[in-house]
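Lettered A, B, C, D and E in written order, each chain numbered from 1.
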Amino acid sequence: MAVYVQFLIDVLSLGSLYALMALGLVIVYGILKLVNFAYGELIMVAGYSLFLLGGTPLPWLVMAAIAVLMAIGAGIATEYAAFRPVRSKSVTAVLITSFAFSTLLQNAALLFISPRARTVPLPDIFSDTVVLGGATIPLRNILTIVAAAIMLAIFSFIMKKTVLGLAMRAAATKFTMARMLGIPANLVITSAFALSGLLAGVVSLFWLGRIGSVVPGIGLEPLLVAFIATVIGGMRSLQGAVVGGFLLALIVTTFNYSLPPELLKFRDAFTFSLVILILLWRPDGLIKGPATGQRT
Amino acid sequence: EDEIIIGGALSLTGVQAPLDEAGLKGAEVAVKALNDQGGLLGKKIKLINIDGKSDPVTVGNNAINVIDQGAELVIAPCDFDFGGPASREAQNANIVGISTCASDPLYSSWSLGDKQFTLSMWNTAMGATAAEYAFKERGWKSAYVVTDQFIAYTKSLSKYFTQHFKDLGGEVVLEDAYTQGAQDFSAQLARLQALPEKPDVIFISSYMPDLGTIIRAIREVGITTPIMGGDSYDDPSLFEALGERFGNEIYFVGHTWMGAEAHPDMGKFIELYKAQHGSEPDTSFVATGWDTVMLMAQAVKIAGSTDGAAVAKALEENEFDLLTGKLSYSNAELGHQPNKSAALIGISGGKPSFLGWRRAESQPAP
Amino acid sequence: MVNQSLKANSVTVEFVGLRALDNVSLTLNRREILGLIGPNGSGKTTLINVLTGQVKPVSGTVTCDGEDISALLPRERALRGILRSFQTVRLFSNLTVEENIEVAAIAKGSSRRAAGRIVDRLLEEFSLGAYRAELASSLNYGDERRVEIARALAAEPKYLLLDEPAAGMNEDESATLMQVLARLPQERDLGIIIIDHDMPLIMRLCHRLQAIAQGKTIGEGGVDEVRRLPAVIEAYLGADAVESEDHA
Amino acid sequence: MLEIEGIELRYGAVKAVRDVSLRMEQGELVTLLGANGAGKSSTLKSIAGVLKPARGTIRLDGQDISGLSPEQLVRRGVAMVPETRDVFPDLTVEENLQLGAFCRRRDTRGVAASRERMFDLFPLLAERTRQPAGTLSGGQQQQLVIARAMMSDPRLLLLDEPSLGLAPVIVDRIFEMIVELRQSGVTILLVEQNATKALKISDRSYVLSLGRVAASGTSDDIAARSDLKSIYLG
Amino acid sequence: MNNSKLITFVAIVIPVLAVMLAARFLGFPVFERIATLLFINMILVLGLQAFMGNSGILSFAHIAFMGIGAYTSSLFTIPLQMRGMVLPDLYPVLKPILLSPYAAIAVGAVAAMLVAALVAYPLMRLSDAAAVITSFALLVVMHTIMVNWSEVTNGPRTLFGVPKATTIYLAAGGAILAALVALYFKESRTGLLLRAVRDDEIAAGAMGANLSLLRWKGFVLSALFAGFAGGLWAHFITSYQPSAFYLKETFVILGMLVIGGAGTVSGAVLGTFVVTFAFEALRATENALNSSSVFPWQLVGLTEIVLALAMIAVLVLRPGGLIEAEEFGATWRKWRRRG
């Protein structure tokens, strides 16, 4: 029994985290069709902000809010530095500039802060545990699930009930045409990056909660996770990102619990092979999202 | 030429930085101290280090680069994987290379050449010391061992600990693997929790940043079993990451202790270090950097030159008194096995404390 | 040879919630030009897509020279001589005009040398010689259209399906294009389908007309016959159009 | 209402328009003619704020607008139907129309009325509100682009080859719509390949050739000129 | 080979030879090392260009094929007496096989090609984002295998004991050969069709082009290049570990290609040179600054920061890369004609 509860909570909390990561990426990748390799660095920026604030007497929630704001700022900066100048010119160019920007941020952290792992302040509640069905579970995992649910609700509202979501998709496919209809396309795209930063900021709080410290390379893992979740879920829809996140968590956790250690080390190989198979089967991911307007 | 150049390829960035950066700072203090006393063989010493970026290929490139610039001695980074390429280039150039803290027995004259050494004890000694402390001093009879597969160091440390622990009569209830960078320890944790009988001690061979994540994960779910490891625990960011709450019942085998209890000259070194870098040293890896330079200087003085063969001979035939303890080497046929004691350190309340010098009664063969 | 024709036999095409083609048949013989007309959204482009294999019908078959080719992929049909142009121009924008045409010949299996000859001939025929080494992306609309047709011809088609080849051209340009197209069927033993909304052009060029509306054939036969059908006038041409044509 | 003075427009090194001046009064319907590549579309783009003139000025209601962004111009009542059939392919017909009214999205009643009017004019679109615009047929897309531009309820409408790919009945309907719009006071600048038809309904015309104005006058005068073809070719 | 292709080829050969001779005879071992690595990178970048430039599909997996070439060739050249220490778990069948380095490098290249030929075909029908992500997933899968197949790779740890066999001459020769093949492939029937597919899949299909097959050919060729480069690299560096074939290197290679211009062979070569020189110059500057202690703290990562800024700048100014659409030879001829 305890094992099942543990398994369930592991899947749900990891899945929530993955879903949040994917959601932050899907806005930029799925809607704007831009591959943002600097997405992971938004998490790093939030992490270092938290670390730098660690010495101050501010209450933790204030620190967290500032960290999230910094991530939003970094998201907007990414757009200005890496995307606006080359956007719509070439997919590969965008990819390389965003990667360059990510290197830039990482090395700035190296240069101005430190190559070493830095401990971030965390509230005590993050490391408390509760006993559920016989299993000892970090309270943080429950908080992650709650936070993901809240963020998801906020995002569905923004994307579905406001014109912003529509304007984003319009500006992403036909930038000039969107402007000719009066849509402030630049602003719309910037706000997409800001939203992405907001999610990255929230993610970083929980991700850091798991690992306790921040290093310059902290963003890689979340970036990979977000990519894969986005892709298998279906990069054109928000639900897809969420489904992809939970599915990935389910796959990983199942492998974790069931593979013998000799095979466990190949876990990533299995996971990614599965990703390839899913894509071969459904190149647009599991959830199609709004139908695409492609025809001959 | 009125200079002796010591070249380094220590990593200032990447996973190795916490070990190498500290080593470099210590080495800088040593160079300044020697120069203030008039240098070596009447010449000034100059230290040139190029960031190896925790990448073996870059380390190799940089070693060639510094040798090219005239380096006559090479300081190699920690660990066989990262330090090896530098030592190999030093060997190619027929000069002596010493790693500041590589402890895998692969770091030997067998695999690197007859002019290559490491300042650290081998993992045979480190693992055995840990096993004897656990089994003999504390009476812990069963162990759970987690091995980070990442580098030779992490892998062989577990191997020798396990081997010696079993030889002593202990039982290893589960051996588990992990690879640096995975950041997700839930599988291992699940298996640990599922063990029918709780182990007496958990041995984790890994290093920062993931080491902190692993220990936190274990402590968070309420497991208070003692945890043991090697010199990679000697990292202030680990103490900080664990804090008062999780930093308890942790023991590790390191190189030395940054206090007068460990060595009478330690106080002097700390003064010099503070004067040069403006802060107290926070890990014993600064001492390994200082020692490496001092060891080179003493050997060069004995040899009367920086000639590779002569310095190597001096290193093989003498005993040196260093901040990390007394050190002598076996000859090249026996692999340049270092012979030295280990410092045992405990962490409680998030703060490390010195438990004294130890020397294993026996150790496994490499 | 018997039955030298490309046929769609009672094809029905459905998209989500929409029957785009309903039991439509079409026959294109060699050496003829068939005009396909109909209101916007009536299914003309879809019918061409069915013939070339870009769209799979839910029922009905496509036969080429008597053989059922319904299961073949677009590229396999191309190798059998069914080539097309697109309603929105689809050139290889980073290749030169010359390469655009050469590609088609090579895809068909011609040798490099034979392809070179074909390219030379087509560049001349469509008076594109001056743009030979220009990138396709730098052409103006009318020239793009001509390159697209030349490209299809380079693959030595037996059936050529042109979707609005004259759209966006002015009167002079479309007249020149017509002259070239009119010669082709006889010269190359070729059947052509033309979709266009430019009625004067259609009437001068086509041997036969087929009109569809809302996915169904509403008229078929000689040019004059079809354009006087009340159904065609009502659905497509509008009453004044026919009157003014007659006056002209 | 609109005055263009000696503008030059370029794409990198290519000069698309060398020297064009034209004027339009409030409520006028003006046709712009010319051969392929004469610079008609470029001129329209500069009025819509997409292409910044390298020289010369564009004034709307006496105010210089050559530096304004397309967004700002839409808010001043300029709408454009580009020749490139730029629907948002992944958005539905409904959503495309909704974005057409982006600037007056708060005026829900007005938007609903415009929407009804467009559905009357193009009944095909009314049946397809939930279809992604990219899957519409060519002519349906063209209708959508026109309808979308109308959704902003413009004062100045720029039409670039509106009849492209449309069935004859629809072309007639569009020309009727243009006439009606003009009667209701909208100022219209029309570019058309079908010169005869365009000249028939417009007040005045300009003929462009190689990036310059080669002739101008009332549409009847222009239509009557026998040398129209040679003017075209410059 | 026509005139403009010949000019392009000569324009590639001249700097290669110049750098080779300069590095060889200026007398700094470091220069020779840098130049050799430059040539090996050039082979990799040209291989990537052969696939990516012509098919327009971004491939992350390229570097993994370099890894296959490196590990396969090393397996056969590590001296027999060292194998027990280097690869304690090596399969007994492989233990006694020893090849000359040159044969082993060839075997490595072929192995990379075969693996590519086997795994890639089904992936080739995917386009756009799905293609990018599957190639990325392929990279992760192959990397995980390299990291964990301890029997032949020594796991994530360093594989050492590979004999040094790659000379600067061999690397330069390989680079020139690669340039020749890449130029030829681009203009070949397959290359031309592949470029057509890149520009418009549907139109190319409607003319009879078989997209999967064409892409597959390009991919396999590119893996052959990568495997070859991997073998040369392994026998130059002599000790390495799987992380040498992962994201960081992928981006170095991609950066070289994209900055130079993925569409052209001349661009690929130029990109390799420019990025290598920029990188080395910056690193030398960083070291000089550090050792002269102008700054009170160590400047770590400055090279990367400046390089990243430079990359962004280049791509902002020329999104298609330095040599965008037209090979150097063609431009040169037009330029000459205009006087």
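Operating definition for what follows: a residue touches a chain if its C-beta (ideal position, glycine included) is under 8 Å from a C-beta of that chain, and two chains touch if they have at least 3 such contacts.
Keep in mind the model is a prediction, meaning the values are calculated, not measured.
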{"item": "Intersection of contact partners for subunit B and subunit E", "value": "A"}
{"item": "Which of A-E and C-D has more C-beta pairs touching across its chains", "value": "A-E"}
{"item": "Rounded Å distance, subunit A centre to subunit C centre (Cα mean)", "value": "48"}
{"item": "Rounded Å distance, subunit A centre to subunit B centre (Cα mean)", "value": "37"}
{"item": "Gap in Å, rounded to a whole number, between the CA centres of subunit C and subunit B", "value": "77"}
{"item": "Length of the line joining the C-alpha centres of subunit D and subunit E, rounded to whole Å", "value": "51"}
{"item": "For subunit C, residues contacting two or more additional chains", "value": "45, 54, 86"}
{"item": "Subunit A residues counted as touching two or more neighbouring chains", "value": "110, 115, 265, 291, 296"}
{"item": "Touching two or more other chains - residues of subunit D", "value": "135"}
{"item": "Contact set on subunit D toward subunit A in their complex", "value": "48-50, 69-71, 74-75, 79-80, 82, 86-92, 95, 98-100, 102-103, 105, 132-135, 148, 152"}
{"item": "Sites on subunit B touched by subunit E in the complex", "value": "12-13, 48, 50-51, 55-57, 60-61, 64-65, 67-68, 80-81, 84-85, 88, 106, 110-111, 149-152, 155, 179-180"}
{"item": "Subunit D-facing residues of subunit A, complex", "value": "163, 166-167, 169-170, 173-174, 176-185, 236, 290-295"}
{"item": "Partner subunit D, residues of subunit C touching it in the complex", "value": "15, 18, 38-42, 44-46, 87-88, 140-142, 164, 167-173, 197, 199, 235-238, 240-241"}
{"item": "Subunit E - residues contacting subunit B, complex", "value": "28-30, 33, 82, 85, 147-148, 155-158, 160-161, 237-241, 243-244, 283, 287, 291, 298, 300-301"}
